[in-house]
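Shared between the two complexes below is chain A, which has chain B as its partner in the first and chain C in the second.
Let's turn to the complex of A and B:
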């Protein structure tokens, strides 16, 4: 086949030039809000005019000042909110993953009545209205005699993260195949031993991808948290929103860039783990 | 031994895979392993019943009374307008997200080079995973009176004076499309990935243009993925909260904002719950409808 001919016209089933260009345009547009926000955080003026008149680090200095020496008037410092966010995201990650590994194993290795229903049920948080989740958990938590504190947020975030963790773990088990366990059984391993020594290590990429997903989902959650937070359990996004209720000051953009950079790093690592298979959703 | 336990998964050759591990283990163990996840999901499901029960109560003695007055109150024009607005915006954003998502999904399914694949996936995951609040801040800058969009429109002469985008349905729609389109792309691209290139080659051999191949071969086969993507976008946007909160405010009162208003300043739990039940019922019925459509499209595909 002639190479130049191929360059001119991609073969059927290959990526055409029009498709590539359209895809690029759509993805750039989709990233535009994040890009504008990053550019805006370097603005030298204090209006929201875009593009800005000049560039400076003034908002980063102001943001650093807020972070390092919080005003007494602030109900909660950014440091505390960041700590809450990290605690909630870390706990969500560990709990959701620990729950998902046995569930994913059961969904892959057993056939039982009601399996199709369970699979549908696990996707429920993806389509469940977030506002209703926030409202109903708030009702339940208010009715409980004990104050759950930060666990109010962790329970909600685990529910939201479950579809991602279960599906990523399940995808990695499906890729392993039962031959490995069978070999272990033949060599005399008990089922639990085969699971821990053989299946879990082979599942590692899926488990890690699930963990990262859980962390990212929790770290970025706003709607449900907005219903459930109280003054002691404010996460970073809610703290940020509480600063902008009255007016939008550009220090918010500096904080936002900080969060987005964490997200970039997490998503990049996530992709290394997920690899070519794509994201299970 | 129960032969129903035999796996329905088939090896590539189409023969059932015999598996000792799957034959010998009882159902009880499977349910035991699923139990922890189910506990959380049952909390989620029963939370729906709490909201339904609350919607039938009266403010003050929420748990001890039965009344339909909260639903009757929803018949006022303000709520009806909000319901209509929510459905309209969710529907429009679904159509736009799917149309914009098709080329991206196609590129993801057909890209060969690993770096291109990674960049595409990163570009899709970014709007989905980055905090909606932060992305809405970005939209505030783009849509503002002296923002990027107005600058561009003035520069190319489409408009003579800045257009008001913020606190209008059109601005909210842009935000909804941008934050939800990854949910359309991911199921579509996995559906397109599973379409063998052979079909497209056959279509090309028969003289079909690239567009005809897309229109008559690829998209029909990927229809189940397109439908489930649409369902995800619709459900996500019908209950969107952060985007309308920042870009629409009180001027674009989507249902979820109404629900929160009843809770936060008004503390009227039964009214909030009744509005919530309507929102939930709407979302769930659209979800159920599209599930039926997915099944039907799958059946139609294989019976041809």
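Let's turn to the complex of A and C:
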């Protein structure tokens, strides 16, 4: 008998015909917005017509012009918006991670009343309507006697980033058995020393994954930011949006391509840093 | 000399009682083995000695100094964990030097001591290897080197060999025992493997349901178990229901009667007769019937080359006899034989409740 006859049925893990087609459809759907954006950024026409009549680099030139020598008519230059975005994303990343490490440790290692509630509460921003979150925060911030400036955005972004940072940190702690700390105690380490010498280095992949997630979440955040920004604290997504409503300017596609490239680069770094050790979403 | 003294140690987890008033003295320089089935409390007792678990009651002292309230990191005990718990982000040298680093030992002294320990565990030139690249046996040795690096007062081993395959485990048992004797370090080991305990220990503490069932030298426990539980747990044994007829005679199931020597005073209690497989003599053929010789039929033979075990059905009960090909050539399943249960090897023990 010919052995190869048996191999005609797909092995587990091999795709059948229908499955392959379905997978292709899903992939195309997922990539569609990005493909549209890239195609539009090379449009030769002055309108947002899709698909474009011809292709050119004119919007990249215009985008570069806007970036390099901003118009006086622009409320805020793209450079300033980019700086605000980077400041907010960087601060969000550091603050969310600093809060998440002890939170994840406590959630994993200790039992305390209300633990399940705390776990649910941290995940709340994932399901909470962003418009309502933005509105609520706006009400609270306006009620406060002091003007928080850029911290309005940082606080909002930290809330949105926490589910990602806490879950990644928690996943990495869960993978570290308590015997590593106990071994350190037995060798003479105080609990805090064991935490710094042993637990934190072993948590590194989870911490780094959480940090990058926090950065990406903050850097792309629009809805909540839209409620909270003011003239001095406009982030890049809000700046892009303001250009589309004022003039339907196709340069936004060129900018967006850059932002997506940055995101891709960050995700690539993430994969490299964390590898197969797993990223929790 | 009394070294580590445990007085009235108890441990409760909620309503469950893991340790029930344990009194124990660990002598200096000896290897003591806590042996028992899983859930008998042996690991909990080790963790209380380590300071990783707080006893619900009782005291623990070392050379007269009370240790009960001293945290694990100040007891200066070395411990090898079941999972070894080598730090994966450190090299072999980093792992072994960690306790020295914590004690503020100079870099040069650390390096000297690491080299010395690597020599001791026969892994020189491995200092800069990441621990992930080591084999099971090498990790084992590194874990031991790390545990003894700061010259602890006591070495605790929590089923340290359970992750190794059978052959390597036997080799490591001898290696650890030799190392322990060379260093003269008081060592407490937890294991559920009675062969491992008999190979390594000076003293075996057999535990059953949070209590100590028997303490003694390995062979004393093997030869003279204090209860049916100990007899059953240590070694292979033939444990038969027995009725004590008086002075030196017991009757076994199936109406057999045999003589025993030195029977205890056991009026009216349910008894068991223990005889080890290697004490049973198998004879056949022309051999005449004699005292304590019971006729039977071989129902199974386990011949593994080095030894031979024959299961013999004696009408009423079965016994397993250990012999060798050389001693008893030509044994076959179905063969009629005599199993001799020598009086001096028969031990009467009380049946468990």
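Miscellaneous remarks
By definition in this document, the second predicted complex is superposed on the first by the 254 of 281 C-alpha atoms of A that agree within 3 Å, B and C clash if a C-alpha of one lies under 4 Å from a C-alpha of the other, contacts with A are read in each partner's own complex, and residues count from 1 in each chain.
We take it that contacts are C-beta pairs under 8 Å (C-beta built on N, C-alpha and C of every residue); 3 or more make two chains touch, one makes a residue touch a chain.
These figures come from a predicted structure and were not determined experimentally.
Of the two partner chains placed around the shared chain by superposition, chain B is the only one that A:124 touches, whereas chain C remains out of contact. With both structures placed on the common chain, the touch criterion links A:44 to neither chain B nor chain C. Touch criterion not met for A:68: it reaches neither chain B nor chain C. In the superposed model, A:34 makes contact with chain B only, not with chain C. In the superposed model, A:261 makes contact with neither chain B nor chain C.
Judged by the touch definition given at the top, the superposed model places A:107 against chain B, while chain C stays out of reach. When the two complexes are overlaid on their common chain A, residue A:83 makes contact with neither chain B nor chain C.
When chain A is checked against chain B and against chain C, the one touching more of its residues turns out to be B.
Of the two partner chains, chain C is the only one touched by A:188; chain B is not. Residues 182, 185, 191 of chain A lie in contact with chain B in one complex and with chain C in the other. Of all residues in chain B, those touching chain A in their complex are 4-8, 17, 19-22, 25, 27, 29-31, 33-34, 36-38, 40-41, 43-45, 47-48, 50-51, 54, 100-101, 103-104, 106-108, 110-112, 114, 117-118, 120-127, 129-142, 144, 146-148, 151, 175, 178, 181-183, 186-187, 189-190, 193, 197-198, 200-201, 203-204, 210, 213, 231-232, 235-236, 238-239, 241-242, 255-256, 259-260, 263, 269, 272-273, 276, 279-280, 283-284, 287. Chain contact summary for the complex, chain C toward chain A: residues 50-52, 71-74, 76-79, 81-83, 85, 87-89, 98-99, 102-103, 146-147, 149-150, 156.
Note for the complex: chain A touches chain B at residues 11-16, 18-20, 22-23, 26-27, 29-37, 40, 47-51, 98-100, 102-103, 105-107, 109-113, 115, 118, 121-122, 124-133, 135-140, 155, 158-159, 162, 166, 178, 181-182, 185, 191, 216-217, 220, 222-223, 226-227, 237, 240-241, 244, 248, 252-253, 256, 259-260, 263-264, 266-268, 270-271, 274, 276, 278-279, 281.
Residues of chain A that touch chain C in their complex: 177, 179-180, 182-191, 193, 197-198, 201-202, 204.
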